[in-house]
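Paired with subunit B in one complex and with subunit C in the other, subunit A is shared by the two complexes that follow.
Entry: the complex of A and B
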């Protein structure tokens, strides 16, 4: 498993900045939001938490097809299966990779971008903590549509249709947690619900991802 | 029961008996229910004539959730035992379910306009029913993803089971969030419930909707079985082999 992760990170480094695309999208989306709102700081700082969460989810959606499709098409997944490596190991490795290479850079970038909206320290901390706690849920639901769709050439649009409805509770409580953090701190009820949602999504989604990958690997 | 119906031929024999029952049940219950709910029943105390919206709204919402639960159960059966009939059943529940969801949303919105003064409110129940509609759409879309029927069925069953998580959220949303939507009136112990002259048309309408859903699902499953059978037995051109001798 560690070997797969290390290999993918190496591949990503050599791919010539392909991994930065979602980062650029994230920055661009937030900048466009700022411009569209007319640049009024008072209104923007109020809207910035939901906007950042939305940008996070859209940026994650943008790279859904990168999670499994490449491996599926070049036959690596089938090779892993033949080599006797369990699908659970493979999908865990790929999901950790996705979280490390796509989602984590977005979170790291957030403090910088939140300066666009004039957020103060506790607000930024709340945003980052809520993003980090919600990150497993985001990774799992993106991974689910990635795994369901990885057998097909097309279907980027379908990823939105599959992932977005499942993401909605995470989105609601992610934004609520980010809002509640400056007032109630780390023990805010919303943060705990968000954490619970993340755990539920891992428990529910991870077996589904494994099943979907196995179904797509089946020869029929 | 599941094992018995797993055989398509036996399922067809069962549905030949069940389809008319469901169809006539729907016709009679809906006809009686519509008469009673629109003309025969008195207006309610709090709602006045607007209560008549309840008779089309509440059963539609029930059926939307029931259809999805049916999809989830059929998906589970299909996922574990790989029954092709379960695939057909799940597939043919999806369209009626989606349409019932739209109906529940539209009638609820119309009722909300007269009862609360707004077409739409972002509260727990309305949001989660809207999410249910999107889940239905995603489920329908994944069936058309691949021409390989068995793989499509497998992927759809996975998504169908994961999406079921939304159903308890809808059911309990009204108790969890402060909401405009009223809580369960009929099934809750300790509440006075509905008076009998309002409950009877509602029960009839619910019966009619359920029969209609059953009828649609059974007919859809029958059609799907027949379609698969005809695809399987489609006349295939015999392979032509020409032998050429090298001269």
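Entry: the complex of A and C
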């Protein structure tokens, strides 16, 4: 699994900045939100938590089709199977890469972008913690749409249709957790629910990803 | 050519495959039906047939990449039924290389995936790629990619080879290399299943020809 992760990081570094697409979208989306709201600080700081969470999910959606499609199209997935490497290992490696190269840079960028909205320290901390705790759920649901669609040539809009309903609970409790953190701290009930949602999504979503990949491999 | 090479030293145990009444459909159209054949170690199964007749589909079935009704295709070794994944190498029509990696990196990656250790780069020299080690895979020609997949076959060291159009894109030297490698593979008790349009110029002692489609 380490070899797959290392190879994908190498490929991403040589891709001419392709991996940064989501990051640029995330930054631009938030900057444009700031402009669209007319720069009124009071309204902005109120809306900044939901806006950042929305931007996070949209930016994550941008790269959904890339998670598994490359491996499926060039036949690598079949070769992994023949090499005796289970779909579980391949999926885990690809999801870890997606989380590291696409989602984590967004979280790292968040403190900087929060300055646009004039958030204070505890609010920024709450936002980052909620994004980090929600990250596994986002990665799994995006991975599931990627795995379901990797046999298709197109399907970007289907990816949105598949992942949007799954993302709603994470979005609701992600925003709620970010809001609750400055008052209730790390033990806020919303944070704990978000954490639970993340764990449930991994437990249910990961086997579904493996099943979707295997099914797509057999019909391709 | 190179009789003393480190790649053909393993003597393989007995393997055989039974194809019983296999059939394939695509979009409701029947590609082939009632296909029956038996192949054992040391034998070459040569699959011929017009374009779109299902040669690649049959290869995928043999490699266990397409799920089939039970007993349609069965792989056996001396002790009983086996799953083909652990003993089989499948050389696809369009080699699975990742743009962005160099030839040597791509070769090393797949060598590690299949054998668990770093494969000897000398295998790349053996197939005539010594000068292209640091070429990015997207700049390789079709023939060079084909040679790369030959090198992968060599280091994977598996008894069953399933090859899709192994001669495509190769020059005369490359074609004789394929012939040579497949012959040595069969001589050490290996098995090969090859789909190709080219006439069977791998003059193995035990070639079986399987024609798909209207006969």
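Just so it is clear, the second predicted complex is superposed on the first by the 218 of 220 C-alpha atoms of A that agree within 3 Å, B and C clash if a C-alpha of one lies under 4 Å from a C-alpha of the other, contacts with A are read in each partner's own complex, and residues count from 1 in each chain.
To be clear about the criterion, contacts are C-beta pairs under 8 Å (C-beta built on N, C-alpha and C of every residue); 3 or more make two chains touch, one makes a residue touch a chain.
Computed from a predicted model, the values in this text were never measured in an experiment.
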- request: For A:205, decide between first (touching subunit B), second (touching subunit C), both and neither.
  value: first
Task: Name the contact category of A:85: first (subunit B only), second (subunit C only), both, or neither.
output: second
- prompt: Should A:40 be classified as contacting the first partner (subunit B), the second (subunit C), both, or neither?
  reply: neither
Task: Figure out whether A:162 sits in contact with subunit B (first) or subunit C (second), or with both, or with neither.
output: first
Task: Classify the contacts of A:74 with the two partner chains as first (subunit B alone), second (subunit C alone), both, or neither.
output: second
Message: Contacts for A:152 in the overlay, against subunit B (first) and subunit C (second): which applies, first, second, both or neither?
response: first
Query: Touching A:218, do we find subunit B (first), subunit C (second), both, or neither?
result: both
Field: Overlapping contact positions on subunit A, where the subunit C interface meets the subunit B interface
entry: 218
Message: Looking at the complex, which residues from subunit B come into contact with subunit A?
response: 79, 127, 131, 134-135, 137-138, 141-142, 145-146, 148, 150-151, 154-155, 158-159, 161-163, 165-166, 169
Contact set on subunit C toward subunit A in their complex: 60, 63-67, 85-86, 88-90, 92, 94, 96-98, 100-101, 105, 109-110, 112-114
Query: Okay, in this complex, where on subunit A does subunit C touch?
result: 3, 7, 10-11, 14-15, 70, 74-76, 78-85, 217-218
Touching residues (chain side subunit A, partner subunit B) in the complex: 144, 148-149, 151-152, 155, 158, 161-162, 164-166, 168-169, 200, 204-205, 208, 211-212, 215-216, 218, 220
